[in-house]
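The structure under discussion appears below in the form of structure tokens.
In this document, chain identifiers A, B, C, D and E correspond to the written order of the chains, with residue numbering beginning at 1 in each.
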Amino acid sequence: MSRRRYKHSEKKVGASPGTLIYVGQDIDYKTKIRRIDYNEANYTVEDIRRLASCSRPDATSDRVSWLDVDGIHEPRVVERIGQQYKLHPLLLEDVMNSQQKPKVEEYDGSYLFATLKMLYFKPASEELDSEHLSFVLGKNYLISFQEERRADLFQPVLDRIQASAGKTRRNGSDYLLYALMDLVVDHYFVVLDTIGEKLEVLEDSIIRQKAGQDTLTHLYTLKRELTLMRKAVWPVREMLSRLLLEESELIRPTTIPFLRDLYDHVVQVLDSIDSYRELATGLLDVYLSTLSNRMNSVMKTLTIFSAIFMPLTFIVGVYGMNFDNMPELHTRNGYFVVLGIMAVLTVLMIIYFRRRRWF
Amino acid sequence: MSRRRYKHSEKKVGASPGTLIYVGQDIDYKTKIRRIDYNEANYTVEDIRRLASCSRPDATSDRVSWLDVDGIHEPRVVERIGQQYKLHPLLLEDVMNSQQKPKVEEYDGSYLFATLKMLYFKPASEELDSEHLSFVLGKNYLISFQEERRADLFQPVLDRIQASAGKTRRNGSDYLLYALMDLVVDHYFVVLDTIGEKLEVLEDSIIRQKAGQDTLTHLYTLKRELTLMRKAVWPVREMLSRLLLEESELIRPTTIPFLRDLYDHVVQVLDSIDSYRELATGLLDVYLSTLSNRMNSVMKTLTIFSAIFMPLTFIVGVYGMNFDNMPELHTRNGYFVVLGIMAVLTVLMIIYFRRRRWF
Amino acid sequence: MSRRRYKHSEKKVGASPGTLIYVGQDIDYKTKIRRIDYNEANYTVEDIRRLASCSRPDATSDRVSWLDVDGIHEPRVVERIGQQYKLHPLLLEDVMNSQQKPKVEEYDGSYLFATLKMLYFKPASEELDSEHLSFVLGKNYLISFQEERRADLFQPVLDRIQASAGKTRRNGSDYLLYALMDLVVDHYFVVLDTIGEKLEVLEDSIIRQKAGQDTLTHLYTLKRELTLMRKAVWPVREMLSRLLLEESELIRPTTIPFLRDLYDHVVQVLDSIDSYRELATGLLDVYLSTLSNRMNSVMKTLTIFSAIFMPLTFIVGVYGMNFDNMPELHTRNGYFVVLGIMAVLTVLMIIYFRRRRWF
Amino acid sequence: MSRRRYKHSEKKVGASPGTLIYVGQDIDYKTKIRRIDYNEANYTVEDIRRLASCSRPDATSDRVSWLDVDGIHEPRVVERIGQQYKLHPLLLEDVMNSQQKPKVEEYDGSYLFATLKMLYFKPASEELDSEHLSFVLGKNYLISFQEERRADLFQPVLDRIQASAGKTRRNGSDYLLYALMDLVVDHYFVVLDTIGEKLEVLEDSIIRQKAGQDTLTHLYTLKRELTLMRKAVWPVREMLSRLLLEESELIRPTTIPFLRDLYDHVVQVLDSIDSYRELATGLLDVYLSTLSNRMNSVMKTLTIFSAIFMPLTFIVGVYGMNFDNMPELHTRNGYFVVLGIMAVLTVLMIIYFRRRRWF
Amino acid sequence: MSRRRYKHSEKKVGASPGTLIYVGQDIDYKTKIRRIDYNEANYTVEDIRRLASCSRPDATSDRVSWLDVDGIHEPRVVERIGQQYKLHPLLLEDVMNSQQKPKVEEYDGSYLFATLKMLYFKPASEELDSEHLSFVLGKNYLISFQEERRADLFQPVLDRIQASAGKTRRNGSDYLLYALMDLVVDHYFVVLDTIGEKLEVLEDSIIRQKAGQDTLTHLYTLKRELTLMRKAVWPVREMLSRLLLEESELIRPTTIPFLRDLYDHVVQVLDSIDSYRELATGLLDVYLSTLSNRMNSVMKTLTIFSAIFMPLTFIVGVYGMNFDNMPELHTRNGYFVVLGIMAVLTVLMIIYFRRRRWF
């Protein structure tokens, strides 16, 4: 398990608030920026190489301008974008702080900041990881910040923009924000499915009593994943609920039903997380009682052996004594009588334990 | 246990929102549609074979038109009905998504969408299953969507409509919605009864100490069922509470007391679920302590045997030694004295363990 | 334990709402009805034999008319009373449904319906049982419904009416309702006392370590009783709180302090229930650790015996071997030296276990 | 443990509401009443012997009149005071009911009733006990009721009144009420300290693994005390919060900051109670796992002994057999070879268990 | 573990409210006071040696005056500052009471009092400790009280003031308050990191099954630290939320986003605390089941040894008997046949336990 899991940043203690410091994993590739401009009629996709050219679109433009920033580890880049789009320094701090929890905030009604977590299982280690995503929504633009390009997260939306003048192209930047967040929430379901499958495997192995110490470690890992997931998803619910309640001017009324739908999905994810947690706890109880049952069975085996052989060993010991005067030793059938007695004793013992239903 | 239990859909990731995809079990029969039109004076029941003929009734009609759609797996059918009745695409998405949790939503005051879960024990496997039901309530119409026809779920209401010009016939579409939901909630009580009986059987076997490893698996299954049930019923409470608070124009004042009654029933179901969960947890504790008690008793048996026979075996071992000079061996009554000493020792041991109340 | 405990009714599935079906235990005696009319000046008590004569009193009458209905299992009777007093059908359904949870509801400001549970320990089986009580409060009348006459539940109030022109006689029907509910809540304290005594007995037997498997069953029963009691009393709190908040015209201001007092008592009952639950859980922990401690002590006994006698038995076994060439066997004091060595070994073992504080 | 702990009163069932019955421990001394009158200029302290002389002070008086009633078991006395001060009968009932939970209530804006619990450890038995205190606050008077004089509970306040014309003397009856309640809350901290010390002792004995069955009983007692304390203190928080919110005319604005301070203290007490409960639960876990660890160690000892001596005993048994034809017996060094084999076996066993880190 | 942990003060019982008594650890050094005055243009730092010179700055001054008081154990000093700045006595009491929980309070809109806890691990004992910090915010001044100078807690802010005419210098006293609280919250993250690392070490040792009794004590300590931390941080959240809601005139609108940011950080700390608690509980479960597993394995070892050697020892015992008439003894190959039988028996036993998957 990597050291990183419980890592917050010490770098920032004592730094002036609003200082841009990247908090997260060290990444060595350069930020990639792409701008997609579209309206119902057409669209353009452009890779930005000079930061000077990513300026805020004119407020009167009827095109939606989507700036897709890939990489949040270069303060210089983030700061420059902040200047071009006239963003609040604290907002930029939140963009770069990958520990920032999901939230939404509106700045003077002129733009809206939203941040949430993308969740996925790392392909290599099968560990649950999260990626920090931030969005800045203006009247006719959207900036999306990704911590690290992961298998072209936003590609499906881009594909839809390129495919036809469909719903995404006909609607504004707020619908684009919705579409991107919807993608993220869809991924929550994928993660949930994986966890559900793991839970099922565990359930199987525990109920069929094939569970060992490993099983419990897996159960613990699963619980930790659910805890992590809950921590990431819970504030998204709050964030969407605020978006729905506050009636920002940046969110068009036609987008509201979609956000409400998204809210429903998030609640559904949270419900499933809670159910899974309960089931995991239930499984633990089953497992622990299985252990107790096994112990019982082992102990019974031991006790039965002891209870049968201890008396027998004692009896044969008696007739192994070397006293001069032991009349039984010299009888004709003494040996066979003793063998007989021992056989009877054994049978009685067995009957006794059967009656107590020990085996 | 079937794979399906923890299944969400991956099919939808990246799909455009509002895209109609059926999420649920694969079903191969065709959707059946039936229209029941009635007012106090008379009624008609008609099987719809051409989708074109299931159109929204005229707003001025004084008849209630109930469209009973049986099957939600054919996007084409659901979409067509949506077009005829002018329903929002997201609503149709919710109709087809059998993972959708219970909720109620009003669209522009012109129609109201409600969805909830029917619960039942599968006849074959005795597993608790849920069926996704949706209702669209208009001024003088109601559309009901069932995931899969199950023993004519809505038959009792249809019977009442056909039987006489009773309460259902005298009231509007909102009362019909209530009557159908009431039917669903009545089934919750049936499921609750089954679970209650299972709990009683478990209680019996645990308290009479006849429980084995199976019992715990049953207890776990029961807890899982209660978790599943709670997840299905809890939002119904919220949904009814919203219906009562929001005073939609589609709900006539005369229907309100009935909905309040329904709300009470749902709260009662939830209370029972919570009580059952508590009892199940209590039973687990009893079971685990039974295991400990049994272990104690097994161990005592073992210890008593060991404590009696180990010293005896040692003594007879002593007189089995082959030293030349062992005076006791050559006394006349040595053998009988040793037998006597061992008898006394045994009696003392037994008294000792009796005193410590070990048996 | 009787089958009834977890019984809801299947009879009602599919029945038209408002259909009067008695849900509860089968009872075979006839409903008894009694009317008590009183004002400050005088009172009359009358057994009603013909339903026609139990009509709603004239609204202008200054007398309080109390209709005490004893038995809720005859739909015909309940329905007739409903007609005479012009009561809502759903109200009558709630009167007859002994599973109905406590609630209060006002119908058009003209009458108020309240229902709650009487709790008592069944004389025979010592099992906690509940009786369904309902009240209909009008401006100058009160109808009380009892599930089954139990030792003249309401007698003390009747006695007070008959005794003198005291507080009950001077006040209206709302005070009468209060007086009857106060009686019910007083009984909660009696039940609580019984449970408290049981808890004390359990505490005693567990702390003095006299507890066996029975104790745990008793503890479980006690927890179940507390669960049942909480389920019955919790909604009473809510119901009284609503009565106090909603300022019904049927409740005179002078009665408010009394209801507030009653509310306080109910909260006190709930607090005690919660404390008892906590204590019961604490006792379980003590009990389980007692079991572990006992097991430890049993195992130590076994281990001490084994650790002492196994080496000894081995040693005597050595000198029981039949090798030709075993020099020790032929020494003069070999036997006594071996006995001495074994004695020393035993003492060392005992010292060792003492040091480890095993006994 | 005394029977009293779980005692509610059965005496009251069926009694008319407002009937004065003392509910609590039987006490045989007579009520003592003392009146302290003061203003900034001077003060008088007077023992009241005739009830007639304890009358409500004139509303225009600028002196504060504090009636300190010591004993609540004589209905006649309490009733008479009630008449003189024109108090509501239900208030008097609450004064005498030592089971009454803390609350505050205002009667027509003319006087305010507050009741709470004094907590202390009984000097003799070290058991936590509570005393029922009630206060009636009028414009220029305060009546305080104590269940039983305990070490002059209110003496410090009286001392301050007598000492100098300080804050207490300069302020009104509401400040006096605050000062007395502050005294009670200060005592909560004393009780908390005692419990904290007990917890520390337990922590010590459990973590240093010196804990026995007694420890658990102490832990349980401590938890019960925390439960009792929480039940007594929790409503005080609510009561103070209501006093602060409702802006009674009887509470002067200058007293508000003091009450807010008191509120903070009560919240602090509750926080500490909750922390202690958590710690106690944590300790239980440590203790139970200590038991498991010890058991493990005992079992390992047993198993090591068995695993070493069972094979050895078997081997010597082999050569104790009396077969005619056992060639080894007649070899020269047979005995020594066998002894050597057994020594090697023992060493191997010890190495094996060392490797498995059993000791 | 030090006695202090659960120490509240008994000193205060019966003392007049507002009496200044230092509640906390005994400290023997003198209070140090420093005043920092600054505006955008310049700044002065001055050590105060005469209390008379620390007076409230003129309300019209455009400079921010920060009085940094280091030491709260000298009532005389705190009282004098209170007089010079005209502070409420209860505020001073809170400053000196190191048990006071975090809160914020505004006095007549003229100054605002805030108190919270600084958390750190004591360098020597690695124990989590807290320091009581208080702030008084006026229009153009801030007083900060520290319990004990700890490594120049506020130095980073002073450095920033001295470094350049940056954000801190350009803003008012409210921003200074924010900057200082931000410093404290940053330290929460440092503490959280340390706890996270400890948790990771524990996780490692438990999952790799290297955990012993110590591990549990560490786990308990960790839980206690989390409890302590939660108790210290939870009210900070409430305090900030009140600051944000109440719109004090002392907080400029430009400072609000910074406080909102601080609030987010505190919520993040609380979320992490809760996650850690859950994980710690999960680890305990893993540990306890590891113990059970180990016990199972120990018992199996014992049982296998017993089951193999008890029958063998019995058999050799049989042929060690001294009966005259034991035909087997005199056969030629009797000895070898018996050895063979015993070998077969052993193999069968081993196969049997293999089949049951005991090893």
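Going forward, a contact is a pair of C-beta atoms (placed from the backbone, for glycine too) under 8 Å apart; a residue touches a chain by one contact, two chains touch by 3 or more.
What you are looking at is a predicted structure, and each value in this text was computed from that prediction instead of being measured.
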Labels of chains that are neighbours to chain C and to chain E: D
Topological distance between chain A and chain D, in contact steps: 2
Same-site or different-site touching of chain C by its copy chain D, using the half cut: different
Turn needed to bring chain B onto chain E - CA fit, degrees, nearest 5: 145
Chain centre separation in whole Å, for chain D relative to chain B (CA means): 42
Separation of chain A from chain B, taking each centre as the mean of its C-alpha atoms, in whole Å: 26
Numbers and ranges of chain E residues touching at least 2 other chains: 288, 292, 295, 299, 302, 306, 310, 313, 317, 320-322, 326
Residues on chain C engaged by chain B in the complex (per definition of touch): 1, 3, 5-10, 12-18, 88, 90, 93-94, 99-101, 103, 105, 212-213, 216-217, 220, 223-224, 227-228, 231, 284, 287-288, 291-292, 294-295, 298-299, 301-302, 305-306, 309-310, 312-313, 316-317, 319-322, 326, 328-335, 338-339
For the chain D and chain E complex, residues of the former touching the latter: 155-157, 160, 166-168, 178-179, 182-183, 186-187, 189-190, 192-193, 196-197, 199-200, 203-204, 207, 209, 257-258, 260-261, 264, 267-268, 271-272, 275-276, 278-279, 282-283, 285-286, 288-290, 292-293, 295-296, 299-300, 302-303, 306-307, 310-311, 313-314, 317-318, 320-326, 358
